[in-house]
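Read the structure below first, then the notes.
By letter and in written order, the chains are A, B, C and D; residue numbering begins at 1 in each of them.
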Amino acid sequence: MEVPVRLSGFVPPLCTPFTAGGDVDTGSLRRLVEHLLAGGASALFALGTSGEAAHLTAGQRRTVLRTVVEAADGRVPVLAGVIDMTAPRVLEHARDAAEAGADVLVATAPFYTGVHPGETAEHYRRIRAGSGLPLLAYDIPSCVHSKLPGDVLLSLAAEGTLAGLKDSSGDTNALRRLLVERRRRGLESAFSVLTGSELTVDAALLMGADGVVAGLGNVDPAGYARVYRQARAGRWDAAVAEQDRLARLFALVEAGKGVSWTASAIGGFKTALRLLGVIDCAATAPSLGALGEEGERAVRELLVEAGLL
Amino acid sequence: MEVPVRLSGFVPPLCTPFTAGGDVDTGSLRRLVEHLLAGGASALFALGTSGEAAHLTAGQRRTVLRTVVEAADGRVPVLAGVIDMTAPRVLEHARDAAEAGADVLVATAPFYTGVHPGETAEHYRRIRAGSGLPLLAYDIPSCVHSKLPGDVLLSLAAEGTLAGLKDSSGDTNALRRLLVERRRRGLESAFSVLTGSELTVDAALLMGADGVVAGLGNVDPAGYARVYRQARAGRWDAAVAEQDRLARLFALVEAGKGVSWTASAIGGFKTALRLLGVIDCAATAPSLGALGEEGERAVRELLVEAGLL
Amino acid sequence: MEVPVRLSGFVPPLCTPFTAGGDVDTGSLRRLVEHLLAGGASALFALGTSGEAAHLTAGQRRTVLRTVVEAADGRVPVLAGVIDMTAPRVLEHARDAAEAGADVLVATAPFYTGVHPGETAEHYRRIRAGSGLPLLAYDIPSCVHSKLPGDVLLSLAAEGTLAGLKDSSGDTNALRRLLVERRRRGLESAFSVLTGSELTVDAALLMGADGVVAGLGNVDPAGYARVYRQARAGRWDAAVAEQDRLARLFALVEAGKGVSWTASAIGGFKTALRLLGVIDCAATAPSLGALGEEGERAVRELLVEAGLL
Amino acid sequence: MEVPVRLSGFVPPLCTPFTAGGDVDTGSLRRLVEHLLAGGASALFALGTSGEAAHLTAGQRRTVLRTVVEAADGRVPVLAGVIDMTAPRVLEHARDAAEAGADVLVATAPFYTGVHPGETAEHYRRIRAGSGLPLLAYDIPSCVHSKLPGDVLLSLAAEGTLAGLKDSSGDTNALRRLLVERRRRGLESAFSVLTGSELTVDAALLMGADGVVAGLGNVDPAGYARVYRQARAGRWDAAVAEQDRLARLFALVEAGKGVSWTASAIGGFKTALRLLGVIDCAATAPSLGALGEEGERAVRELLVEAGLL
């Protein structure tokens, strides 16, 4: 029940390529894994929000995870999102993830249901106790509509329930306080902090975060790996310049018009991946709106501007 | 693919009784069905928010639904909640529900993921097309964090996708506009509107709603059936007096302190049901906080005040 | 310091007509007063949200209030909005309102600053103590971003701080609980409850509200006066039919495209008033966007459909 | 109409000391100005949110501003908050500020009323045109409940309406995109960006912000001046260490229990200033709750821990 390694570095949250018919495209997914490892990923995070996990059935999730674990082939750890409303449902995904060979689980706060700090703590304890794997908390208020409180996270770290955090809250003030308090409590080696804010990775690393989970890293993994390396080396000007380039590229998440932000952002990533030749088809989940020709043109221009195409 | 009957009247959203060990307590659930039918329910809604569907695994949901269908034994229609994040996942619950013998499905807007009106329409079309059952939209912004737009609902009604609405939005202004527009478009017989606002059932019926889905109706089904009958008979003073009594009883949803609203509200309902001898155990889902002795005392006093104990 | 009369009936929140140059158009305002009194208003509410009070300087507010008081000439009471962020600032408006001859003050919760129930209570106590006039609470979360808690309101009523409530929260469940609790505490004659939800006036009166403050009542005062009279007479079918007609007319608040809801709603009211010949110019406050020709056409069609033009 | 100097460095948003009787304590305010200038402030920002401007009458605001301008005596520029709901009201404060000798105005988005990007632009144009002073936008969604869009800000900068931004949104992702886009459009010298996020000043400076407006800087101005100098010198480790210390000290904003966040945060700052001997009385605005003895003890301990007492 020990966390195998302290997580750090660039950990991309993999998109889930689909065929035109809406099935998981395992061939494209394998190519995506190679693309990310070639780019310098230090671990792979499957079935996160960028992976459209909310749109995948349990069977499709198993397919994704088995494909990623097999393709990774032990070269880096594989983190598995186990996104569902409450602990009993999360635990079913956790069992599937363990069977598929995942190394670490990543679970959000409860959603759809009401939340309260004590109940959120109990939620994580049940997930941790019911699965044999290290557990990261996934703080993503834009999806679950509550924020994980820093003191709850650190208490859960101290008791061995949580091995770390993927912080997609965008709340940099809360992140700062968490990092300062983590050190005060001597939890730096026990509790990894990964930022999910792909526009401010340099800042998060400056403040003491251990690594980065960036959806845009699907498109330009080498860019994010460089930000990480430059920051670790204290070459802050270079890290900032690279991050600035990526911040400009991030505009591809707005390529979709008249669609949800999910459709636009993930549609933007997938369109870029298709244009780069990594995946075969840019389709997102069935109910999501498409980018259309104009959106694709915008993505192409941004890739050219970023020097990727 | 026709809606069998136009839904109306009092349709309780059944609580899901648990054993002390956390399993679905089918014996208590059967007694709850009898309690509700004796009270005058015109249909039964299983696996809604009050049924803690968010906390139930797919297997537990099947158990609940089979038990309710069997206990109802054709006396009234059974509506099945198919609460999940997106259409592909909802459809798996829909198949289970059809197999278990449910008569109608009840599905929320997408959640966790981004939403957009066009994508929400597509979401419902896919659920309708992929299942053989009439479909109600379940508008519950407090859980899914978006509001179903009235014009989308009525367009989906006009095209035969939706057979009705359970409106738990609490947005009475939007309800009014929907009811007025429903009549303008001649959709009154095609699209049932059930209010889920248990404190304003008289008002909703005055405005033209067809029926009521009230969590508090688990505790006092006869009360809600009376509100409905008095309103239908135009005895508004009597309907209001009954609803006022129920509004006071509703305070039992606040019996829990230091717990989530879900824990407090459903804990309040279940504690009342146990005190009334309907179910054996008041436990809510595993991660939820308990009401404690003080909470139980508050519930007991409210039951006495309401003349139920 | 006594409340002169218990407020009830139809109390329109007056629009503030402007000249094309952006000054308060006192001639049009006087005609509006006559229009509303002829329509059956039982009191007049100046300087509310519909009166664009947020856009008026202290001097303009004084002009509006003096004009309305003079035009009303004692025929009905005049309520004065004293909308500002905190008690010290509200009190300056309160002094102006008293000087201008207002009969009742209407004050929101604090805004811009943080709020807490105890501080909100203190806020109202200071306003009441520092002015010589009866005080209504104005519950409008869409503008001030907090909801006035029912128990705070009733405690302030019991101690003599508040004489009533204008409820523009749209939260019908909270309104029901307030009305039930008001009776339990024997505060019905001490604390008037006026609904500001112009689409559900029949429902609010059914539930026990005393009157209605409806922005749309600027356009069709006679309609709202009829809803009130029919409801008071227990002719619920007639009240509902009238309210349904008004609910349809309410679509004029959506006449503006590419503008804020304030610009669209108040622009819709003012355009209707100009088309009806009541005011000279439909201009809203300087920074607000205009309805344009298309918007004006939509308003005209709705007036025709409602039988007003 | 030119901006006199490009704003940068540490710009404290001054607290407004009160006497026990609730008047502006001009003697304490003058001592606060000296405290801040001695600490290294490069400009002074009066009448911001930390200055309880929402709680001050127009007369009190004039007193504050005249006192600060006089005390500053030309040593540094003085920025004046002109916080009010809409342009016509803001302009009255702007005239007072100009008369009092302020150098720059700082204005929020409209609030209480609805907002729309085009109307927000018009709002700033009217304020700029109606006053003779350079204008900063004040982005503070926690108070005004809308976020200033980056493209609107930069367009207003390009046309000469805005000279800069005080960003208190806490939205670091939006800040990054704004800074990157500012450079793309060649607006770096025309448009100053000051962060109001006192926990992440090092990060904001790394990303390219020009300066910092930090409420906590009232208490420890020298600390913030050091963060700024170390960052400008590229000594990032030192900047981070200093910011970490200040992040810990920031806990004094939570010293109040059972009060609003405004009462707790500003009460925390003022209590610290009193304990440090800078101001005479820690009272906040009349309706706000007090910290009490326990709160004062917590503040004292944090000052000791930070090496300030």
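We take it that a residue touches a chain if its C-beta (ideal position, glycine included) is under 8 Å from a C-beta of that chain, and two chains touch if they have at least 3 such contacts.
For each chain, UniProt lists the protein as follows: A, B, C, D = Glucose dehydrogenase.
Worth saying up front: this structure is predicted, and the values here are computed from it rather than measured.
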item: Chain B (Glucose dehydrogenase) and chain D (Glucose dehydrogenase): spacing of chain centres that average the CA atoms, whole Å; value: 49
item: Centre-of-Cα separation between chain C (Glucose dehydrogenase) and chain B (Glucose dehydrogenase), whole angstrom; value: 35
item: Contacts with two or more other chains, residues of chain B (Glucose dehydrogenase) listed in rising order; value: none
item: Chain contact graph, described as a line, ring, star, complete graph or other shape; value: ring
item: Touch relationships between chains, expressed as pairs; value: A-B, A-D, B-C, C-D
item: In the complex with chain D (Glucose dehydrogenase), residue positions of chain C (Glucose dehydrogenase) that touch it; value: 49, 52, 54-58, 60, 83, 85-89, 92, 110-116, 118-119, 122-123, 126, 143-145, 258-263, 285-289
item: Partner chain B (Glucose dehydrogenase), residues of chain C (Glucose dehydrogenase) touching it in the complex; value: 170-173, 176-177, 180, 183-184, 197, 199-200, 202-204, 206-208, 234, 236, 240, 243-244, 247-248, 250
